[in-house]
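What follows is a group of structures, each given as C-alpha cells.
Next come two complexes built around chain A: one with chain B, the other with chain C.
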Partner chain A sequence: MKHTIAVLVENKFGVLARISGLFSARGFNISSLAVGETQDPSVSRMTIVVDTSEARILEQIIKQLRKLIDTISVVDLTKKDFVERELALIKVNYEKSIQKKVKAILNKHKNTTRLIREARNEAIIEICATSEEVAVFVSNLSPYGIRELMRTGKVAIA
Partner chain B sequence: MKHTIAVLVENKFGVLARISGLFSARGFNISSLAVGETQDPSVSRMTIVVDTSEARILEQIIKQLRKLIDTISVVDLTKKDFVERELALIKVNYEKSIQKKVKAILNKHKNTTRLIREARNEAIIEICATSEEVAVFVSNLSPYGIRELMRTGKVAIA
Partner chain C sequence: MKGAQILLECLKREGVQVMFGYPGGAVLPLFDVLHDSSIRFILTRHEQAAAHAADGYARATGKVGVCVATSGPGATNLTTGIATSFMDSIPVVAITGQVKTHLIGNDAFQEADVTGITRPITKHNYLVKNVGDLAHIVREAFHIASTGRPGPVLIDIPVDIQTHDTEFNWPEEVEVRGYKPTYFGHPGQIKKAAKLIAKAKKPLIYAGGGVIISGAHAELKALAEKLCVPVTMTLMGLGCFPSTHSLCLGMLGMHGTAFANYAIMNADLVIAIGARFDDRVTGRLDAFAPYAKIIHIDIDPSSISKNVKVDIPIVGDAKYILAQLLEELDKKPDTREWLSAIEQWKTKHPLVYREGIKIKPQYVVEQIYELTKGEAIITTEVGQNQMWAAQWYKYNKPRRFLSSGGLGTMGYGFPAAIGAKVGCPEMHVFDIAGDGSIQMNIQELSTAVTHKIYVKVAILNNCYLGMVRQWQELFYKRRYSYTGLCNPDFVKLAESYGAVGLRATKKEEVRPTIQKALSTNNVVIMDFQIEPEENVFPMVPAGEAIDRMIGGMA
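Moving on to the complex of A and B:
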C-alpha cells in the first residue's frame, strides 16, 4: 500500500540525508520524494511516498522522524482527505508521421497537459495531474516513443 | 549561483540517503530536490538544486556522484539549454471579502494556475510554471494570507 507522508523541517543542511537515512536503515525504498521551500524560507516541506505492507515499521519510522531535532511536524496523509498533484516533463518522439496521434492524446488530456516546445522531431510536454492520471497519460504516449521522462513525485495538501 | 543537476540512479533503497549525504558532508544545503520514477521503473531521476558560489567543490561532489555504484549519469544542466518547471500547491485565505482579488490574480496567471478546490473560506490553487513565475505568483497572493504552501522543487529536461 502506498503511504503519503508530509514532513515539515528546518531548512538546514543534512536534514534530507538524515531523513532519507531513517528510511533506508529499515530497508524502506522511497518511491518518490519532493522537497521545496514553504512560505517561510527557513522551513522546507517534504512529501514522501513509500510503498509498503509493513504498517507497524512505518509507524516506528514516523515516531523516529518526530524525534529528529529539525523536524517540525509529520503527518501521514494516507489517513486524511487530501489533494494530490504530480508534475511530469516528457520528451516524446514527434516525427511528422505521428504528430496527429500525439496531438489527439494531448487533446484527450487538455485540462492537465501542455506542449511546451517542439524541435527536431521531438516535443516536450508538461502534465500536472494526480499520479494516476500522469501514469495513464504516460502509458497512452509510450507507443509513440518516450525519450525522456521526469516526474517530480507527488505533492499533497490536507 | 543556483545550479541544477540531473542525476539518473538505480531505484534502490539507500541511494537517496547516499546522494544527499554527499552534499551534506561538504556542508552544502540542497535548495530543492525532486525524485521520481522514469519510463523504466528500475531507474529514478533526481533534479537537485543547490545555491553555491563554490563551483570547485560542486565539481568535486559531481565527480563523487559519478563514482557511486548506483549512479547512471550526472549532468549539470546549468551549462545547457533546458526547460524547467515547478509545481506548487497553495492553500490561501478565500473569505468572501477577498475572493474577487484572489480571482484577479488567478486570471493574471491563468495559463499556469488552476483553482482546485474551494471550501470553508479557503481555496487550494495549483501552479505549474518556471520557479521564477511560481515565486511571483506566491508573492502576489501573500497579502491575502497563504495558509500552506508546498513546492515540488524544480524539474528540468535538457
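Moving on to the complex of A and C:
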C-alpha cells in the first residue's frame, strides 16, 4: 500500500542526502520524493511516497525520519483528508496520422491537461492531477508513442 | 578572534579538559593554538586510536570525549572509531580539518567528503562554511552528542575557517527545533506498566547500556529489590546491576548464562530497559521470549518495536521512568516460585570451565577480578577475550566494563583503556585482549608510555583469531582457514616501547604476573599463553532460539 508522508526539514545543504541515505541504508523503498521551499525560507517541505504493506516498516520509516536532527516534523498524510497533485511533462509522437487520436485523449482529460508545444511531429503535454490520474493518462497515451516522460512525484497537503 | 581560537574557547566552555588526536596540514592553525592551551592533548599514534580513546574516556567518565584529526586520511582513519561510538551510543565530538573552502569539491590534496562519509555513522555532522557559525555549531554539537540517545557528532572545519577572524559570541542557549528528546515517561503508559507488573508471575528485567548512559543504576536496583524481580543484562549493560547480587542472572544472549536464557524464554513479563533486542541477544526472533508480554523503556522511539513487537512502550529517560514506576507501583508480584525455579537452573547449569594443563583464560580473568577486588575498569578487544571478560569478571558498578558491543571492533580495547585511564587516573585500567586484536592498535604503546598513561594489557594469547577459529571448529569442520597467528614476542615488543613485558605459561604464574603488573608503575603487557583451542561456552549458534545452547554445561 502507498503511504504519503509530509516531512518538514531544515532548508540546509545535505538534508536531502540525509533523507535519501536513510532510505538506502535501511533498505526502504521510495516511490517518489518531491521537495521545495515553504513560506518560511528556512524550512523545506518534502512529500515522500513509500510503498509497503508492513505496518512495522512504515512505523520505522516515520521514526527514523523523526530521528534526524534536521527533521522538524513528520506527518503520515495517509491517515488524513489530504489533497494531492502531481505534474508530468510528456513528449508524445504527434505525427499527422495520430494527431486526432491524441487530441481526443487530451479532450477526455481536459480539466487537467494542456498541450504546451507542437513541433516536428512531436507534442509536449502537461498534466497536473492526482498521481493515479497521471498514471491513467500516461497509459492512454502510450500506444501512440511516448518519447520522453518526466513526473515530479506527488506533492500533498492536508 | 580567529576560528581556531574560537573553537578552543568553546571547547573549554563545554568543559573539555583533554583531547585525543593527530595533526596534519588542515589542522595546523588549530594545533598552533593548542600549543599554549590549557586543554591537555594526547597525541596518539593513529587516528583510529584517538577516536577509541575519546570513546573510552566518555564511557568511563560519562563526559563527552573529543578527538581531532586532519582532513582526508586523518579523517578516514577516525571512521572506525566513530562508527564504534555510534553503535554503542557514546557521546563523542570529532573535529576534522578540511581543505580550504574554495577548494572543496575540487579533489584537492587530502580532500575527502568527510560529512558524506560519516553521515550514516554519526548522530549528526557539520561542515563549517562560515567562521561566524562556528561557536553555535560547537555548542549544538556538544548538546546533541550528550543528550537524548547520545552519539558521535562530527565537525568538519576547513583550514581557512580556522584562520578567519570574527567576533566571538558564546551562545548561552541552544535550541534545535527538530531535536527535542522525551525525558519523562507518559503517565498513562507508566500506569499500564505498573498494572502488568503487579499481575506477573514470572517477570524478568532485561537491562542494557541505556541504564548506564542514563545513570539509572540506583533506580534499577531499587526496582528489582522492591519487586523481587531477577535482572539479566546485555553486554553493554554489564555493571548496571551488581553481578554479585542474588537477583542477578548475568549476561543473556549468544554467550549468556544458561539460566539467564532459560529465564527469558520462560518469563511471562519482560521489562526491557535501555536495551534494543539486538540479534546477539534474541537469537531466533520468532522463538524469543514466547510467553512474555513486553514493556520496553527506551529514550529512542525508533528502538521500540523495531525487532520485537512490544506491548507497552515507554519513551523517555530510564532514570526518570524507573523513578515514576517506583512511585506508581503499590502492588508487588509474587515471584517466590519463579525465583526458586531460577535458583534451580542456576544450580543445575552454572557458568563453568574445565581445568586443564595449560592456563585457562577464564582463570586469568577471575584472578584479575580477585586481585583488583572488582575495582578496576576493564576494557576488552573483540572475540573470545571479550566474552571471557564479560563472563568471568564481576562488574558491580556502571562504567567499569568498556567494550565494543554493537560494532565489535577489534583494536578498540587498548586505546579505550588509555582514554579511560586519562579520565580516571586513580583507577586500575586493564585491557583484556586477544593476541590478534592487540596488534590492531599496538602502536599505542608509544602513546601510553610517552604520556605516562599506565594501563595494563592482559593478552589472552591463544595464537589464534580465536572466536573465528571457534566457529570454524563448530560449524566448518575444523577447517582453520587463515585463523592461526604467528605472533611477535610480546615481552620484547613491550620492552622496545619502554613498557614492561611479563609472560605466564603456567597456571601458578598467573597470579604473580597480575600482582607484578599491579605494582609496576608503568605500562605493562602480560602475555598469558593460554590453552589455544579453548572455546567460549555456553554458545547459542547464530539463528537458533536462545535456549538452544551448546557446550559448557555442567
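By our rule, the second predicted complex is superposed on the first by the 158 of 158 C-alpha atoms of A that agree within 3 Å, B and C clash if a C-alpha of one lies under 4 Å from a C-alpha of the other, contacts with A are read in each partner's own complex, and residues count from 1 in each chain.
Quick note on the criterion: a residue touches a chain if its C-beta (ideal position, glycine included) is under 8 Å from a C-beta of that chain, and two chains touch if they have at least 3 such contacts.
No experiment lies behind these values; they were computed from the predicted model shown.
Using the contact criterion defined above for the overlaid structures, shared-chain residue A:T71 touches chain C, although it does not reach chain B. In the superposed model, A:C128 lies in contact with chain B only, and not with chain C.
Residue contacts after overlaying the shared chain place A:G21 against chain B and chain C alike. In the superposition on chain A, A:R56 makes contact with chain C only, not with chain B. Of the two partner chains, chain B is the only one touched by A:N11; chain C is not. When the two complexes are overlaid, the chain among chain B and chain C that reaches more residues of chain A is B. Legend: residue contacts after superposition of the two complexes on their common chain; A:G153 is shown touching chain B, with no touch to chain C. Once the two complexes are overlaid on chain A, the chain A residues touched by chain B in the first and by chain C in the second are 14, 17, 21. Chain C makes touch with chain A in their complex at residues 115-116, 119-120, 123-124, 127, 144, 176-179, 300-302, 305-306, 309.
By the touch criterion given at the top, residues 9-10, 14, 17-18, 21, 25, 56, 59-60, 63-64, 66-73 of chain A touch chain C in their complex. Across the complex, chain B meets chain A through its residues 6, 11-14, 16-17, 20-21, 23-24, 27-39, 45, 47, 83, 85-89, 91, 116-117, 124, 126, 128, 138, 142, 146, 148-153, 155-157.
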